[in-house]
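Consider the two complexes below, in which chain A is the common component and chain B and chain C are the respective partners.
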Partner chain A sequence: MAASSIETRFDRLILLHATLPRLAMAILCGAGLAVSGAILQQVLRNPLVAPDTLAVSAGARLTLGLVTLLAPGLFGFGRDLVAIVGAVAAVALVLVISRSRKYSPVSMILAGLVVSLYCGALSIILVLLKDRYLIGLFIWGSGSLSQQSWEPAIQLAMRLVVCGGVLLLLVRPLSVLDAGEDAARNVGVPVERIRLLAIGVAVLMAAFITSTVGVIGFIGLAAPALATFCGVQRFAARCLWSAIMGALLLLVTDLAVQLLSGDGAFIPTGAVTAVIGSPLLLLLLSRLQSRQPQPPTNETLTSSRVGQSRRTALLLTLLGAATLAGLAALVMIGRGPDGSWSILNGEMFADVLPWRLPRMLATAGAGGLLAIGGYILQRVTQNPLASPEIMGVSAGAIMGAAIALSFAGSSMDIGLGLATTIGSFAALLFVLSISLRRSAAPERILLAGVALTALVDAVVGLIIANGGPSSVLLLAWLAGSASDISLPVALATVGAAVVLLAVGLLGSRWLAVLPLGASVATGVGVRVPVAQSALFALVALTAAIATPVIGPLTFVGLMAPHLVRLFGIRSAPAGLVLSALIGAALMIIADTLARTIAFPLQLPTGILASLLACPVLLLLIAMGNKR
Partner chain B sequence: MALDWALAETMIAIGRRPAGVVAAADYAKFVIEPALPPDTADLGLQQELNFELIAALRPRLILISPFLQRLKPTLDRIAPSLNLSVYEVSETPLANRIAITRELASHVDASQAAETYIRRLDALRADSTARLAKLQRRPVLLVSFIDNRHARVYGGSSLYAETLAWLGLESAWSKPVGNFGFETVGLEQLATLADVELVAVEPVPPDITYALSSSPLWKELPFVKAKREGRIAPAFMFGGLPSAERFSKLLVSHLEERWI
Partner chain C sequence: MTTATEASTLQLTSGSVFIGEARLLDDVSISLVPCTVTGLIGPNGAGKSTLARALARQQPLTSGECRLDGKPYASFSSREFSRRIAYLPQAIPTTSGLTVEELVSIGRYPWHGALGKFTDSDRAAVKEALAITNTDIFADRPTDTLSGGERQRCWIAMLLAQQANILLLDEPVSALDIRYQIETMSLVRHVSRIRNVAILIILHDINLAARYCDHVVAMKAGRIAWQGAAPNLIDAHVLEAIYETPMAVVSTLEPNQRFAFAKLPGDLSKRASPEG
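== the complex of A and B ==
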């Protein structure tokens, strides 16, 4: 009797302080994210933007991670402030990057993905270096709604209500935007200021929610999309219906998660919504009308000048090769057991070189491969943000590795490599099947990659949140560890780079013609779908070979082609060769730094490459704006 | 040299000095005892071994855990490597660790020291159980807090839970746990546990104390109301016998203060 009364008392307590706040939290977060997404979609006139695709969540997660490690005592408003700084910085970055592309939907999503990936890379290196068991960051990152008091829900509600008040004032001017910018200006709406304010409110809402419960994927994208799908036209109504849909979506998902998980494994709700949401993104893509091919830019119309620049191109290529050879000498420089810088001498040579040479060769080869892939991809899609990392092939590789590590646990000698390759090719097949069905609209392929990447991110979050030492291994693999590569593998990677470069050169006529547009290409006798599919297959192959070596998070494939453009190389064959050389050179520099800067710790080469590449990349894009 | 902390501490316990240890900087934070000799080289991160440094140190024997098994052929090029696992799923983690200690000892000519050490642990157990027998005992709930809403509870075949049983104490967590002997749960799932003593293993995230003190549910938990909750200093969860020894000492002296 007494025992059962204690139990009923506790059932009531759990209901009051855990179950009910959790329900309230799900409703609040769902509605808030959905409204945030609806505002962003209205302001940016883009059906694909949402807090997650604009990197709001990733930015907030990174800064919160930093603060957790550096100043862990923060809570309440301090935490919010940190999340807001991260979120605003990330969104600002995305907007700056996509400005040069006139905020086109695709470029904005891609910019968001790059920023998200970069934030993710930084988070990984934080965890690897600062704290082996910083699992909390990942649980939080995957968005668990578990509650144990009303306080967080009430705090969040107050903040969202304030945001909602500002939003009420914005509804009218924002609705006028439906009639077009000029019409809005004519009736006296200060378009730019309203836009900025609205984006601010949306980002704030998302940042508050992210700082309270972590990243809840895709609600902000899905709910407004559903509202639009159901035929809701006016902006005010869309906000309202988005809020209702978002609340329902998250509530149902969370209840399902609680029912299914029961006593068993711990499942963060936010990761589940992301897993459900990624296919939705794909569905949205097929409904999104294809962007008109851009008018050929000056860059691509200068074929008459190719003859003139051929000598320069040859010269630059030779120069590049010479530089690469010079950089290879870095293999001799390193740090001895006592930490001092030293050049390899006779005694140490036999001990150390067998470890240093393969990793340098392999990373250089892999960098070259990704750069080849990136050059082809950027050339064909005419999108400066395209690269194999973003095409989803790397994501497939991660998925393979994640599955192998979580199921095979610690006994995964060859399994890992095999799973990675299978994963890459599965992603390749998936992306290619979409490209074939949809007459290979380049941006659609990239977006399929985006959706895949988001899905994989969620799955990895799930695995890591459940802890266990194998999750640490997965993290290491994500970071792109090249330390244990054997000489045969290294030589094979370099060989593959050379062979695929030669194959790419065979297709350089396609590379020269395709950017001029489908009609021009068909006019000179190129079968566009065949050419595109062949080139994409080549890209996928480069990524599938390179990813197991240096991990999925380098931005070499993105960066090398940019540098080629900076040098003013326009002829396709020269550009391809130079891109490969630059990719290899970047990786050699990254690998040398990875070996030495934190001695005796060695850093994963892949992550170091991305740390180096990203700021330069952002600078290049910003410079591109001025031109 | 030892590429695994459990094996490194076992080596030190039986009087052998490892030339190098993986992530030596973090060892002091997570394993704490027995301390590394100051001249032990840091071999880099476990996920990113500094192979050239390992090679340059010219070790005689390399001790690895199953997580490095995939690197065994690579490491064997430097020196013979030996894979001893404290991570295996097993009903008797302590017995496993005793076996590991003996095997490790046989490879570094320290069998005598190992037997002495194991006998010392038996004496520790006899002493501890005698001390605990005088106290008012209840089941112990072992957790570590992850963030302000989640904790790992230890049960099953975790080193903590088995050490608890080794001391003759009862674990309060009877629900199934993951392969590594712990399960991540929301704090509200602890509400159903009535007459237990909560012991949180450090490190506890700093904002936990605040978050818990503001949680009505937490304050209503029977063991919190009765002030039957406390913390002990860190002990390495994936450790060897020395970590079990450290954990049991910390636990016994903590419980002696609580259960007067």
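== the complex of A and C ==
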């Protein structure tokens, strides 16, 4: 009797101080993120912005990580303040970068994506460098809602209520923005000031939430999209319904997580929101209309330079090849056992080369492959954001591997290769079928890819969380297995890059015609479906070969084609070759750095590649229009 | 100068396009013959673009049959077809980064294909197309730096480089000012004569149609409402039947200068008089 009463008391205690606060937290965070997303979408007139896509969460996460590891004393000023500094800095960076492009939706999302990628890569490097066992930061990074008391929920609620109060004052002027900026100014709304204030409120809300529970993805994007889909038109109503949808989404997800994880296994909710949120978004995507007419979607990030002769293209290509050859010499540079820098000499050469050469060859080949895939995708879809990584092709490859590993259990290379190819092709087909059903607006295709990537990430995350021998293999895959690759495999990767480049060159006439649209292409006798599926099959193949080597997160496939275009190369064959060369060169530099900067620790090459390429790309986006 | 055949004839017999309940094209028969400019006019939504797309094999027919030189469309491969029929869509896509010459060279695709060599005859055809349309002066400039009229001429040059025997042009002059409209129409007429080409051109300006076309077909609600020799179009009764709007025709003192226009309500002199 007494024992059972203690038990009930204990249960009651858990209910009061862990379960209920957790429910409250889920509702608060879901609603807050959703409203933040709704505000951002209204202010920036862009159905794709959300706290995650504008790098708010990533920025907050990075500064929190930095402070935790380097200067814990700063938390004395308050955890929220640290998060806010990071969030505001990230958003400011995104806005400054996209200002030169008049805040156009695509450039803003591109900038946001790259900034958050950069912050994410920095966070990971930070953890790897400073303390490999600081797993807590990872767990927090993926958003855990578990609570021990009411305190955090109450604190967060108070902060969100203040933000909500400011928002109430802003509802009217923000609603007027629906009629367009000029009309709003016409009726006396100080558009710039209102905008800044509203963005400030949205960023604050997201920063508070991130600082309390970590990064919870997808709610800020999915909830307003859901509300819009349900036919909610006016801004005030959209805020309200977004909040309800967001709270429900997160609550349901969190309950599912608690039920599923049951005993022992720890699954961060933030990682799982994607499992529920992304299929929902994918489902709605084909019916989701952009609320406001979008500016012309054929926006490209080309600088229109005058008069580009064939000779310049050839010269640049030769120059690129020479640079690549020169970079290959980096294989000679390394660090000795004592950490000192050295260049390989005669006798060491034979000993060390077998370790370094395969790795460099494989990463260079994989970089080239992804760059070829990215160039083809960007050309055919006329979408400056298309790349194997962003469109979920790489994620599909990983998914294929995950399924093969967990069902077959073996690590048979041939079966695995087949599974990755099928996975990447299925992902590509899926994204394209969604986006091509109507006009292939860049937003639509991008959203489909992002949603798919998030879904695959989450599923893979769950497989890993379940443990087992296959999860270890899969983890190695995710980081890219370049470090322990054999010479034959490395040579095969390079060979594949060369072969697929040649195949791509055979299709370069198509690459010139297809950007003009299906109607014109058909008019000059191109069988558009045949041409498109052939090229897309090529892209799927590049991702399937490259992803196992360098992991899914390199973004070389996004960067390299942009660098090519910013060099002013427009002709398809030259662009394709140069893109492959740039991709390979980026990876060689990244590989050398990954090998040396944290010696004796070897960093993941893919992450270093994105660290290298992101700033260049951001700079180029920011400067683009001034020339 | 090589062309696929000396000249081609296109024949559509009772073509219909139904999409759901909507009858976009309803039992239309039309033929295009060499050395002739056929103007296609009619109110918005009459099915003009649908007809052009059907003739260009870009819109499948619900019923009826298209024949090119007496053979059914299906017997031509994509490239064979494009060597004979060139089509300029109404919405011209943006061409980021292409120079004029590169754009015009794309018209050679049906001749060299995906893998073939860009030969001297291709180069000659591009050069000639640039010269005829007077676009050779800005051949090296990116198309997105040109004005609307210049860009329109580049696209016509691309169609000419295609060296097809039949050109289907969907509103090629709507975005142009009056001078470029006249220039483009004389270019179209000129090309039909020197190349022995059959041209179908969709127009909104009835006076341009009457002046520069040989034959005019007027559509209304998916059907052909009137057709005849171009000068006969300038007739108030004919036009009122097509557009369901009061029309009038005036003649100037010069011979054969007759113009049709819509009668607008209101009195201009009263509107123009100063108030005080």
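In this text, the second predicted complex is superposed on the first by the 473 of 627 C-alpha atoms of A that agree within 3 Å, B and C clash if a C-alpha of one lies under 4 Å from a C-alpha of the other, contacts with A are read in each partner's own complex, and residues count from 1 in each chain.
Operating definition for what follows: a residue touches a chain if its C-beta (ideal position, glycine included) is under 8 Å from a C-beta of that chain, and two chains touch if they have at least 3 such contacts.
As the structure is a computational prediction, the values presented were derived from the model and not from experiment.
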Give one of first, second, both or neither to describe whether A:P488 is in contact with chain B, with chain C, with both, or with none. neither
In the superposed arrangement, which partner chain does A:Q602 touch: chain B (first), chain C (second), both, or neither? first
Report for A:V352: first if it touches chain B alone, second if chain C alone, otherwise both or neither. first
Have a look at where A:I14 lands relative to chain B and chain C in the superposition and call it first, second, both or neither. first
Residue contacts on chain A - larger count, chain B or chain C: B
Touching partner for A:G188 - first (chain B), second (chain C), both, neither: neither
Look at A:L516 in the shared chain and tell me whether it touches chain B only, chain C only, both, or neither; answer first, second, both or neither. second
Quick check on the superposed pair: does A:G231 touch chain B, chain C, both, or neither? Answer first, second, both or neither. neither
Chain A positions within both the chain B interface and the chain C interface are none
Okay, in this complex, where on chain C does chain A touch? 56-58, 78-83, 86-89, 93-99, 102, 106-107, 109-110, 112-115, 140-142, 144-145, 162
Can you list the chain A residues touching chain C in their complex? 296, 298, 300, 302, 304-308, 382, 506-507, 509-510, 512-513, 515-517, 519-520, 522-527, 531, 565, 570-571
Inside the complex, what are the residues of chain B that reach chain A? 23, 26, 30, 41-53, 55-58, 66-67, 69-71, 74, 77, 87, 146-150, 152, 175-176, 178-180, 182-188, 191-192, 194, 205-207, 210-211, 214-218, 220, 222, 238
Mind listing the chain A positions that touch chain B in their complex? 3, 6-7, 10, 13-14, 16-18, 68, 72-75, 128-129, 132-133, 135-136, 139-140, 144, 146-151, 263-266, 334, 336-337, 348, 351-352, 354-356, 409-413, 416, 465-470, 472-473, 475-477, 479, 481, 483-484, 486, 595, 599-604
